[in-house]
């Protein structure tokens, strides 16, 4: 099969290695994430890599899509630098406050507007919210078959792909009819590093901004109003313990540790 | 005056940083300890365009400038100054051929060097010293249509792993009796070229440094770079601008490493029941390092902006190199002080930063040489 | 009884019965239903809803852990890995019977079925809840982690029904009661298949070692363990202590241990052993969330400022290998003496 049109959903998230810096302002009860850079959700890079590998094998185009505030243009440029052909930023104040159902509705509207897309790829979950709900719901809005936990992806005979999925105690291979939505896990590939040539090329690739008015959205599920779930209070759990130092030689420490274990009720 | 990087430069820095954090940071301490030069990582950097960043696309480079090269060196040096030194030395060879080579030489050498398939070096320094070109001992003599080179280079970075080395040799004297130097491109595999002993360095390990022996090394006349008798211009032009720019950028990386580690340690380390970041002595030391970083950064990138605009910049690089390398030593010392006893443990990179910072001082001219140049310019 | 306004727990079947997370949810569901009864005056029934190709044996377990009713949804096409078909019949049933609350275990299966069902019935879904409770208005308050568990946020679904949530295994405890077993209600829905999704092959994986969730002692290793050889020491120590070995993401990335199923944390397992022994673990939030409810926490790290120490009862500032070796020597000496 040749010339697949692939859309990859990209979510900008606060850099996951700095979540220890996330907190809550005790006065305003709002989230504090100041100074943490925004990066492409790590698994979305795996999704993009999977798309690029398919394009390299079968031809076609890769479009990166992101529903995010205007600053996400930077992350989409990054996706273009990594190798995507075109990018679409879905940005509108009306999208603010969207839960997964509302977010997937907007993403679905963008995929529909892109025209006949063969394959939609996403990361299995985002690092920040981590709901792992968007890809399945996107598939439902589009009416496409969808699968999660993909650790392998291969284009089969005309109009089908093979998707290998990782579950707790097994690996399941599926044949899926295109168009389809697939979300990938970390083990599927190792995303490539972006080259300087990619950075230079990214500046010349098309990046379009679409607002609500540009898209065939379902007004009943738009933004905060249209989201079935509502966010309530947020808080920061205090998990700290009084930590006591165990000192001495390795042997003494081992003895002390085993004594604590026995005190905790273990039969050793 | 515009002091901001372009969006493209910011994206470039981000992508380089991602590579360095993934492929360099976890290995840096081990490479340093074993004095191992990871050629395979250099090849990867070549594929990504780092090695030939400032080489035009027609010669297989990324087609960017020296500013972008400095961004790359700073980011690599943030985690491994030694690896950055390897890359920076390679780029001296690239710059010499790009700026002084003829079309044939550029076509022949640049694509391999820019893609990292070939490793480059520039060897000028001899046992008599690097800045004392008048006492050059290496000679080049024309015999039967070939140039025959004889002599020994020392403190030569990439001495044993370079495929392409630009060397200088004395090819005559002028009317005042001064040495006339010529630069030659020598390829590895030449039976007259052999690496001598490899030095054991205490800082900027990872990057190979050693002797290079030229023993009846025959090269064709097409190997002459920049014209016969123009060796001093090739060597000094490359080292004083591209070399000092490189050492400044590497120093920036070291200062940033110190600053980031100081901040992290000061926030995590508790003394008398609170983090040491609440102590004014620690705060001042962090403030001084931040000021050093910002000042070094301004000097370095200002000189680079001039270089990329093809304006005169030799003095600017001299000033930037002097300040940045000395600032790196100060920063590394403060980082150690900040850590107390932990600073001397090899479990932490503090010692490596200090060793690397000290080792930047002599490269591309010592601080005293830099001061001589600045003073001469200032006094007129 | 038709299940209207009921509290449903979707039960995932396993090779030899039901996934334990379903029992955990039934126990929690029993408490939630009780609380709803106090708030609203009428206690909803707790329903265990099982989907599969035929009826499942052993349903008395479901009653024992909290189900008032068991609804068995059978169709030959409902093979385990056809999550799409399971979601389709569940969405139809929910539309038909209007439960008030639907809970899923966030296993690979559940985390795929739940959002599909929610999108079909156009309702809200809260993912990976760390806690579930009923507020004064009788609404389900769903407490979800964000930023790797650094922050918890409350989610409500005030207008649409059912209120849906998924919960990772191990978050709640399965508490058996003494309710008598009843007779499961069996329904056989209409279901069509087409060629859109087809299972090609299933490769089972042999899981060796003690399951993390069942161990009294968990030994967790992180990046600081340093090598595969050192990892073997942790395994040896685990053997001597009768412990299970878990890992962090970096240790998994290094390839020192097999399989994602031993990863502890936000995107892995939640453990609450009597004793947690951490070796070379930095204490990233993602990991801490998965071990915070452990009884005794002892951590070994060379970094005196390692974050994990903030969440530990005892700390050892030393190399993981040295301490593991000393413990092994001590235990062996104890066994022979």
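Note that the chains take the letters A, B and C in the order they are written out, and that residue 1 is the start of every chain.
The criterion applied here is as follows: contacts are C-beta pairs under 8 Å (C-beta built on N, C-alpha and C of every residue); 3 or more make two chains touch, one makes a residue touch a chain.
Predicted model, so just to flag it, every value in this text is computed and none were measured.
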Touch-based graph of the chains, sorted into line, ring, star, complete or other: complete
Interface with the most contact pairs, given as the two chains involved: A-C
Intercentroid distance (Cα basis), chain C paired with chain A, Å: 21
Separation of chain A from chain B, taking each centre as the mean of its C-alpha atoms, in whole Å: 39
Distance from chain C to chain B - Cα centre to Cα centre, in angstrom: 54
Residue ranges of chain B in contact with chain C within the complex: 265, 268-270, 342, 347
Touch list for chain A against partner chain C, complex: 14, 16-17, 19-20, 22-24, 31, 33, 99-101, 104, 125, 127-134, 136-137, 139-141, 145-149, 162, 165-177, 180, 187, 221, 227-237, 239-246, 250-251, 253-255, 257-258, 260-261, 264-266, 268
Interface residues, chain C side, partner chain B - complex: 302, 304-305
Contact set on chain A toward chain B in their complex: 74, 77-78, 81, 193-200, 202-203
Touching residues on chain C, where the partner in the complex is chain A: 81, 83-84, 107-109, 111-112, 114-116, 118-120, 122-128, 141, 144-160, 195-205, 207, 216-217, 241, 260-261, 266-267, 274-275, 277, 284-286, 288, 292, 295-298, 307, 309-318, 322-323, 325-327, 329-331, 334
